[in-house]
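Report on one structure; see the data block that follows.
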Amino acid sequence: MEYTEKVMDHFMNPRNVGKIENADAVAEVGNPSCGDVIKMYLKISNDIIEDIKFQTFGCGAAIAVSSKTTEMVKGKTITEALELTRDQVANELGGLPAIKMHCSNLAADALHQAIKTYLKEHGRS
Amino acid sequence: MEYTEKVMDHFMNPRNVGKIENADAVAEVGNPSCGDVIKMYLKISNDIIEDIKFQTFGCGAAIAVSSKTTEMVKGKTITEALELTRDQVANELGGLPAIKMHCSNLAADALHQAIKTYLKEHGRS
Amino acid sequence: MPRIYLDYNATTPIRPEVRDAIVPFLNELFGNPSSRHLEGRHVKTKMEAARAQVAAAIGTDPERIVFNAGATEGNVTVLRGYHINYKEKKARNHLIVSTVEHPCIYETAKKMANEGYEVTFLPVNSEGNLDLDTLSAAIKENTGLISVMTVNNETGVIYPVKEIAKIAHDRGILFHTDAAQAAGKIPFDVKEIEPDFVTMSGHKIYAPKGIGALYIKKGRRLEPLLTGGHQENNRRAGTENIIGIIAMGKALELAVQEMANDRERIGALRDEFEQRVLTEIPHTKRNGGAANRIYTTSNISFRFVEGEAVQLKLDYHGIAVSTGSACSSGTLDPSHVIMALCNGDEEEAHSSIRFSFGKYSRKEEVPVVVSRLAEIIAQLRGFSPLYDKFLQQQKG
Amino acid sequence: MPRIYLDYNATTPIRPEVRDAIVPFLNELFGNPSSRHLEGRHVKTKMEAARAQVAAAIGTDPERIVFNAGATEGNVTVLRGYHINYKEKKARNHLIVSTVEHPCIYETAKKMANEGYEVTFLPVNSEGNLDLDTLSAAIKENTGLISVMTVNNETGVIYPVKEIAKIAHDRGILFHTDAAQAAGKIPFDVKEIEPDFVTMSGHKIYAPKGIGALYIKKGRRLEPLLTGGHQENNRRAGTENIIGIIAMGKALELAVQEMANDRERIGALRDEFEQRVLTEIPHTKRNGGAANRIYTTSNISFRFVEGEAVQLKLDYHGIAVSTGSACSSGTLDPSHVIMALCNGDEEEAHSSIRFSFGKYSRKEEVPVVVSRLAEIIAQLRGFSPLYDKFLQQQKG
């Protein structure tokens, strides 16, 4: 099991870590017993993701995937963000070890869930 | 499986090899399918083994045992020769590998058989 | 900065004396020990000397030692082959193993359970200790073998193998111990412990990987796993791993000589390390810390962070440690051993790191590792949702 | 006088290039390939490179290769584990193996027969050849596996494995070949031969003893013999014999490169040797001489004398050869392989000597060996009762 350089870069220097105090959308996926918990905080304005931050308890892959996901959607519309798939994130990172593809690749789920909750709260779904 | 120096000496320089043309007693034991055939030739006079020679088809142990046996009984009485045991021969050689104790240690048998046939032929048994 | 290796329980470097002992066997001493010629006999003689070294190290005779490919082979051989010793071969098909055994026992036993054996997995308490009464109670009419390791590879907990052997023997049951992490590290004498079978491995004691030795008590027979040639007195077929055998003999001999010193020196390092981590880094917990433990091992859970992330960051900064055992690196499940200690608290199990010290560990490494660790844990907690939640709760 | 080694089929010295490849793994490259840290990953990368070398040597992909402790382990694994591949697991319990297999197949199959498997031992003719019609006729409804070696270790006879694979597959049967004496010595491409399983061994090709590799065709599953850790893609548990693996990769790569040259050079030596022995020493017979044979091996019966005596005397004079296989040195029975060729003439079997040539065999050795041999045979016949009897019969 070996991580790509890109994974290691995002793991060692994760982008957008932390939380947004008055976030417009928040979601948490995973649970500690699986070894991965990812929480996403979004600042949305005019359907654009103006800011995004994450908190992750998890392995190197989980942290890198979280970081990469935030990077990929920051400044994008929420529609674009909803189209982002786990696989796209993994590809952008140069791939993930097979064993990590499912369990640790939860960031897109957190992102989607946050946006969907946001839409629902705004009566748009 | 390792042979003692004494075994190697008797194997490399076997004493009393060959046959005695007008032997007083002859016997052959073993068979080729076991990998060992020992034939003993004795010249006996006044119940003394004046000369003894052997022919052996067999492994190093079989040859060494044949050689040692002839050495041990040459000049001895046939009564003494009949008392010689396989174990004595093996001991004189400093021991034999366990696996060789039975199969290749046939020389005493050949000796005894030769003497017994001799005694029988002379109406003494 | 040279790297700092704190994963001696996973494997060890080959020590110089062992390397020197090997060299002739990479060169002129190449014969097959089964060959009758000089090339073979020379190697055979050296191989038997190595067997004597291994035997002496555990207080037994050379004939009791069978060389094989490692502790995995030894353990599987015992589990699969023990029953042959009993007239009641099929009848004695109940095994008792602990829940903290190495995967080569744990998984093999699980497999055997699927195949029709009866298997009892003995639990341990939150310190990793095994209760002897529970063990006694687990024994059945048809129990054939009890297998409990001497030293656990993840926590370092030492099990009371002498007492377990006695319990087993009182009930006519065979006792096996996996001593891969014990032989050469703590005193281990088969005359005192009286096990029926003991497994050892070379690469835990500064010999190469892929060599092991199995002790078989006099009178006990094991069905060989590898059959064919007459090697190892018909107890393990296959041309012998000579390099490994020579190395293991030498390594075990040296290990026993140096044991008392190592114990003191390495133990002091480990204790200092542990002390500092537990006091300087908050929310840490020693796994198995209250049990009788070997001096080399420290297993610590760092709450709110995941072990692999810690391990990776340490690695990046030149420090090698491990999460769980190396053998379980093909899975994502938390170590079954740490789980057994954590009373099912999987978060805690996911947060554990094993630090294992050895002959080349130096005192100067301790502060380097502790401070790096403190930094890394703080970083990771800095964006851990679990830590955040914990802080909120503290406040609230 | 340097010794003359003519027992390359028993084992080989480690070649300098292999030794050089090993050295870093005796030193700084000591990590456990299952470890996630740098020490582990470095070794893992090198291990995978060695796997690629082995795979390339037999025309396959790295994932098809499982490293183990030698050909014995490989063979036993296949014999014991093949059936899992069949839905009809228990139903396909008939094995066909030749009578000239190495003991690790021959004896294991005998054992399995005792345990309830059905086993057919395929005879060979007096040249050591196997009849394909006999093979076809031996196939039954419940045949699960056919195992025939590629090159016989005692006679050098080469078996038509491609044809046998086809016969097996036409009937839905798995085919295994023990290529311990073939891989690296003669062209062997799994794409052409299409075996399901192939066994290889390092110490026959100038790598150390105790390392082997098993080829498993894509889609075929083998029940592992060693269970526990996730090594070798869950196909063989236990920390890997890294030194052996690195060595085997290098050795096999070089072997393939040098194969054509070796074949010519070593083949010429062998042929010259054989020619001279057969013409200069009376009452000699080549075993397997009329069959398709590998260029390294010459098995000769010297009538009226016993093989061990010849071997011992040669050894004393600095020449290493063998009688039967090294593995059978624990028994006194004549080689079951030579017996199979001698139509039950045990005397002839007891009189056989195997000369096996290799990379360090030199042309100058041939006349030395031939003349020493002539002298020794004459000496031993000089007091052989069988020779004496023969001479009498000639006279009479």
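Think of it as A, B, C and D in the order they're written, each chain with its own count starting at 1.
Just so we're on the same page, a contact is a pair of C-beta atoms (placed from the backbone, for glycine too) under 8 Å apart; a residue touches a chain by one contact, two chains touch by 3 or more.
This is a predicted model, so every value here is computed, not measured.
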Those chains which touch subunit D and also touch subunit A: C
Length of the shortest touching-chain route, subunit C through to subunit D: 1
Farthest chain relative to subunit B (centres taken as mean CA coordinates): A
Gap in Å, rounded to a whole number, between the CA centres of subunit D and subunit B: 39
Separation of mean Cα positions, subunit C and subunit B [Å, integer]: 57
Centroid spacing, where centroids are CA-atom means, of subunit A and subunit B in whole angstrom: 91
Residue numbers of subunit C (touch at least two other chains): 36, 308, 312, 329-331
For subunit B, residues contacting two or more additional chains: 1
Of all residues in subunit D, those that touch subunit B in their complex: 304-306, 308-309, 312-313, 316, 329-332, 334, 346-347, 350, 382-388
Touching residues (chain side subunit A, partner subunit C) in the complex: 1, 3, 8, 11-12, 14, 17-19, 28, 32-39, 54-60, 62-63, 99-100, 103
Residue ranges of subunit D in contact with subunit C within the complex: 3, 5, 7, 10-14, 19, 22, 25-28, 30-32, 34-40, 68-73, 75-76, 102-108, 111, 201, 203, 208-211, 225-231, 234, 237-244, 308, 311-312, 314-315, 320-323, 325-331
